[in-house]
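In what comes next, chain A is part of two complexes: it sits with chain B in the first one and with chain C in the second one.
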Partner chain A sequence: MAQEKIGVYVCHCGTNIAGKVDVEEVTRWAAEQPNVAVARNYKYMCSDPGQDLIKQDIKEHGITRAVVAACSPTMHEPTFRKAAADGGLNPYLLQMANIREHCSWVTVDGEAATAKAKRILGAQIHRLPLNEPLDPIEVPVNPNVMVVGGGIAGIEAALKLAQAGKKVYLVERDPSIGGHMAMFDKTFPTLDCAACILTPKMSAAGKEPHIEMLAYSEVTEVEGYVGNFKVKVRKKARYVDIDTCTGCGLCTEACVVRKVPNEFDRGLSKRAAAYIPFPQAVPLRATIDPTRCLTLTGKKCKQPCLTACGPGAIDFDQKDEEIEVEVGAIIVATGFELWDPTPEKRYSYGKLDNVLSSLEFERISNASGPTGGHILCKNGEPPKAVAILHCVGSRDENYQEFCSRVCCMYSLKFAHLIKEHLPECEVYECYIDMRTYGKGYEEFYKRLMNEDVHFIRGRAAEVTDVGLSPTEEGRLVVKVEDTLLGITRRLPVDMVILSSGLAPRSDAKETAQTFGFGCSANGFYLERHPKLEPVSTVTDGIFIAGCCQYPKDIPDTVAQAGAAAAGALALVDNPTVNVEPTISYIDPEKCSGCHICVGLCPHAAIQYNEEKGVAEVITAACKGCGVCVAACASGVPQQRGYLDEQIFAEIEGALAV
Partner chain B sequence: MSDQFEPRLIGFLCRWCSYNGADLAGTSRMKYPPNLVPIKTNCSGRVDPTHIFKAFAEGADGVLIAGCHPGDCHYINGNYRTAGRFPLMKKMLEQLGLEPGRIRLEWVSAAEGDKFARVVTEFTEEVRALGPLGWNTRTPEEQADAGQASSDRVEEAVPA
Partner chain C sequence: MRYLYYPGCSAESTGMAYDISTRALMEKLGVELVELDDWNCCGATSYFSVRELDSFAIAARNLAIAQQQGDEDLCVICNACYTTLAKTNRYMADSPHVREQVQGALKAVGRRYDGTKPVRHIMDVLVNDVGLEAISEKVARRLTGIKVAPYYGCQYSRPIGSFDDTEDPQTMDRFFEALGADVLTDFPAKLKCCGGMMMLTNATGAVRLCHEILKSAEDLGADVIVAACPLCEMNLEGYQPNVNKAYGTHFHIPVMYFTQLAGLALGIDPKQLAIDKQVVSCAPVLAAIPA
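Presenting the complex of A and B:
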């Protein structure tokens, strides 16, 4: 091997590294290592002057390899590889040694950290002479985008992409787009009616020629890679021809099965087996519920829906259909579930009447809801007193540790709406801390304090129907410690609203696996970087937006949807994209044709060439896992960038110190 | 540092889950012993048995392999290959007269910085307890003992 000249660059990262690791010592040590021509340290290597050091050394000292000992390569490898390329060095001749995340930040002792930094850096110094120049593989990009989830996040992202002239497939699991926002009555803090601001967007998405709506559909499989995804979508049978149906609703009136709990009203009203989820549904088409329809469950029915349907759209023979769609980018915006308060037994949810979840109250206060917008108890009477309990299933070590961010504000909104509808009604807010962090939120809180709402600082202990006095008899009683007064109180009320936190979708983990990214410890989708790449995932070309990433309010959701759309657009607006060249290759001279690798390849990227009697890597299909390399008994397949000899050299370097 | 034996550990971390889990331990400023040097591979399935033996031959006292949880592999099922190979690697180690407890397989997701820190801490202590590898200094009897004594621990060391 020709003598290589390695440049070593040790970053201080302010005090992040230099505060623990003796960077001068590491630099001195590095300068003495084999092949090292230049060793420097600098306060911030990622800054322009830092990057210029590498470029200058390539020009002035003729360095042929470089290693930057700094943060994680996930953070700045692209930065430094670009700097190397700008300086005229093939970017794959630069390696990073992670002495921040893996060393200075996790080690207590400075001397130990310095020694470990040398080992981490030594591994890369040893490896570098074996690095080969590589060229990124340029692949074409499909200009279409898929958006999964038709809530406000998905709708917003789809509309933005469509505006940019991109074809968008909008996939929604339910019969209509709209998501949770469509269920809301008013939105805080401006009290806009949710329907008034959402339905125009839903309608626009329905009419937009660039958007192909795949409602009542689910993604079953995702294959491919950045710029080139193949997505299988199962279009569930509606038993209604979507092109013929006019959404007139006559089938729903004719249907004899009338007592199906209406999901859109959270079960507070009933619907028929043939149904349109809500009047503003997009697409405005009927669906026949296969679990409730008499015909579809094999029972006898005179099928009045068939007679009622003028255009003859009903088709009991319809089957689920699987289609395959090719897209360049995917935005996953699958939203949240309201935390189900049933396990919190002390609040008696599902046991006592008039103990409502927050979404149930949204429906009750909504003019299109089960009570026509009149706030009424189950007996049809308006409540004289209502308690709103904060942090149910949130900020609670027993359930979800995190703060769901929106509950304080929607609770304040509820108090306002109750006071608006029923000015005489007493309203109690039982809270731990009032978190009103958004634009106009604190002002809204102040306003509520002047609306005769009682604020009690304390998490409610219990909701019971056991009355101890005539004023409590026949009512609900909330027991709560008022921590500001230092007393325990019993609040006799007629309605209790549980301000539940937001939870990840119960199938979030499976969905994340389908799309090839992970979940955070709290169950929400994991972003690539919490601050700088909040809508990217570890899988290039797949983005996330909205509450599937973490609970957030509507403004933040819309902003994130826009960011995800911009991320997708920045990708699919180009004809090609570069993918990493770290893929496998097989030397036909050495391959014995044993087939072992063929069956092991997770991506079916290795095929057996019958004629030549050897295995061959299909370059476009290989994703670079290296499973074949490790599996071959003869070590024939090799992975560029992760050659056996390169890994061996890293091991040697790491243990040489 | 005190005079106690400081084991030298190599950790093969898959790029998508465990390497990021180790990064998260860092950004969360969790503290763990400095004994393990991470080596990044794209997938835990890339880790060849020869890598393990190379590490021991170069003076490592223990080797960790960490990959994505079952079902989470960025390459669909590369980690299943790792899981399949791992018991064989342990067996081989035993046949060579080394304690199987010197290699460890863990699933560490990108969200499990705490788990990464815990695994490195535990593994450091376990290998410390086993003592230096002493590849060249063991008598045949000692080698036979090492393989036998720790074979009972093989089962529990393989994650379900």
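Presenting the complex of A and C:
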């Protein structure tokens, strides 16, 4: 091995590192280590002057390897590797030593931190002479994009990409796109009608020639890698030919099964087995519910829908169809579920009439909803008093610990709508804290305070129908501690709205697995970096947007959808993409063909070559996770940049100090 | 089937009927109860609010005796005793500080306890060990048509909830269904506090709480309220005149220990179940049980 010249750069990171670690001492010590030609420290290595130090030393001192002792490589390894490359050094000849997250931030004692920093740095100095120059791997990129989920996030992302001239496949599980937003009446804080601002976008998505709408469809399998995904989509049988159907609705009128709970009205109204979910549906096509249709469930039916349908679009023989689509990038925008308040037994949801979930109230206040937009109790009377209970299933250790971020605002919106419809109605908001953080939100809160809404600070204890006085008899009673007055109160009301939190979709985990990323502890999809890469995932080329990532309001959702579209576009607008060369390789001379690694590879990046009888790594699909390296009984797979001898050298280096 | 049995202080005074009916019921079911030697007060309510560590030590003395006396689980009938004893175990497991202090206190009286004696509520024993099927088979007089309001009380499942849902317990519902009763499964006041010891210090407040429970039961047309705690039973039954005076109501609802009503269903003589000790006459209930 030729004599290597190593440059060592110890970063102060302001006081983040230098506040604990004696950086001068670490630098002095590093200078004495074998192969080290230059050792320096600098206040902020990631700044331009900091990076220039590396470039200068390559030029002036002829250093052949470099190590930056600073933060986590997930933070700035790309920064410094690029600096090395700019200076003329192969980027993979630079290593990071993490003395911030792994050392200064987590060590109380300064001397101990300094000693640990030497070990961490020593490990890298020791392994550097064994580093090999590596070159990025270039793969072609398919310019098409798939967007999964047709709520406002998916629609927005699809439209943006289509505007950029990209072909977009928009996959939606339900018969129509629109998502939750299509169910809302008004949107906070501006009170514009949700349909008025959403339906133009839905319709644009329906008409946009670059968007291929795959409604009533689900993704079943994703294969491939950045720039080159193969996605299997199951198009569920609608039992209606989508090209022939005109969306006239005559089949719906003719259908004899009329008592199916209407999902779009959260079960508050009934629909037929042949149905169009709502008047503005896109695509505006009928669907026949296979679980309720008499013909499709094998019962007798005179099939009046067949007679009613002028163009003859109904086809009871239709079958689910599986198609395969090739795309370069995928945006997953599968949204949320409303937290089901049933487990919170104290609020008697599902037991007592007129205890509603927030989405049920959205439908009741909506002109196209079950009551035609009139706010009415189950007996058809308008309520004289309504209580809105905040934080149901949110900010609650028993259910979901997080704040769902939108409930305070939609609760205020509800109060406003009730006051607008029924000025005499008393409205109580029982809250823990009012969280009105967005643009125009605090102003809206102020406005509601002037609309004679009663704000009671306290989480409601119970909703009961046991009335103890004439004013309570036959009504609902909300028990709540008013923590500002220091008393417990009993609020006699006629309607209770439970401001339920947002929950991850019940199948979020499986969906995340299908696309190859993970979920956070709270069940929402995990972004690559919470601050700097909020729409990327650990799988290159797959992005997330909207409430599937975390609860958010419409403005944030739309912004995130735009960011995801930009992320996808930045990828598919290039003819090729570079993938990391720190991947595994299998020496065919040593491989016994036992198959163990084939099944274990989480990215399906190892295939078995029948002809040669050995396993082979698919270069472009390998993510460099190292599973095969660890699993092989003969130690055949090796990962570039993490070779056994390099790891052993690191261990020796760490223990040598 | 054999258990160590901790009756609790009330069982020797106001809650005597609970103890008597429990022994009769368990004998009928072939369950042997061995009373704990030299047991003391569990340290419930008043102690716990003032000097928590002392009350852990008091409770732990019983557990120490139980551990020494036998390998059987410790069966408890009173909700408050159950919660206190189980809580002591939990705190000793979770907090090294509590464990050390309690063990120190026990050492001073020559006892040792490691914090692991299983504490079981009698309903837990009945439903999970004896089993509803076995109990159902022994029914002599099914409680058909008797509307039973199952009153669990606030400490039955809270805060530990080891054998039932903390906020929506079901075991007593299932138990009386097995005896053929018409259980008021949606009894909204089933977990409401009865006022407990507050009946002695702030009667107005406690009477208000009892009023809500009694009203809720009456609204549902309950023939009888069953309780699993001596204090709950006493407040709901004995203070009905006070509630009536304060609220202008006319409550006269039979309140029984659940063991008494269960005993009747199993054909035990009412005298053996101390039914005559009840304040509100249970005659209508007795008359309504089909022979």
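One rule holds in what follows: the second predicted complex is superposed on the first by the 603 of 657 C-alpha atoms of A that agree within 3 Å, B and C clash if a C-alpha of one lies under 4 Å from a C-alpha of the other, contacts with A are read in each partner's own complex, and residues count from 1 in each chain.
Convention: a contact is a pair of C-beta atoms (placed from the backbone, for glycine too) under 8 Å apart; a residue touches a chain by one contact, two chains touch by 3 or more.
None of the values given here were measured: they were computed from a predicted structure.
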A:513 in the overlay: touching chain B, chain C, both, or neither? Say first, second, both or neither.
first
In the superposed model, which partner reaches more residues of chain A, chain B or chain C?
B
Taking the superposition on A as described, I'd like to know which of chain B and chain C A:249 touches: first, second, both or neither.
neither
First (chain B), second (chain C), both or neither touched by A:629:
first
First (chain B), second (chain C), both or neither touched by A:119
first
Check the residue A:111 against both partner chains and state whether it touches chain B (first), chain C (second), both, or neither.
first
Residue by residue on chain A, keep only those touching chain B in one complex and chain C in the other, then list them.
none
Where on chain A is chain C touching in the complex?
345-346, 348, 351, 464-466, 468
How about chain B: which of its residues touch chain A in the complex?
1, 8, 10, 16-17, 19-20, 22-23, 25-27, 29-32, 34, 37-43, 45-51, 54-55, 58-60, 68, 71-78, 81, 85, 109-112, 117
Of all residues in chain C, which touch chain A in the complex?
167-168, 186, 188-189, 211-212, 215-216, 219
Name, in rising order, each residue of chain A that touches chain B in their complex.
72-74, 98, 100-103, 105-109, 111-113, 115-116, 119-120, 123, 512-513, 516, 518-521, 526, 538-539, 582, 600, 602-603, 623-627, 629-631, 635, 639, 642, 644, 647-648, 650-652, 654-656
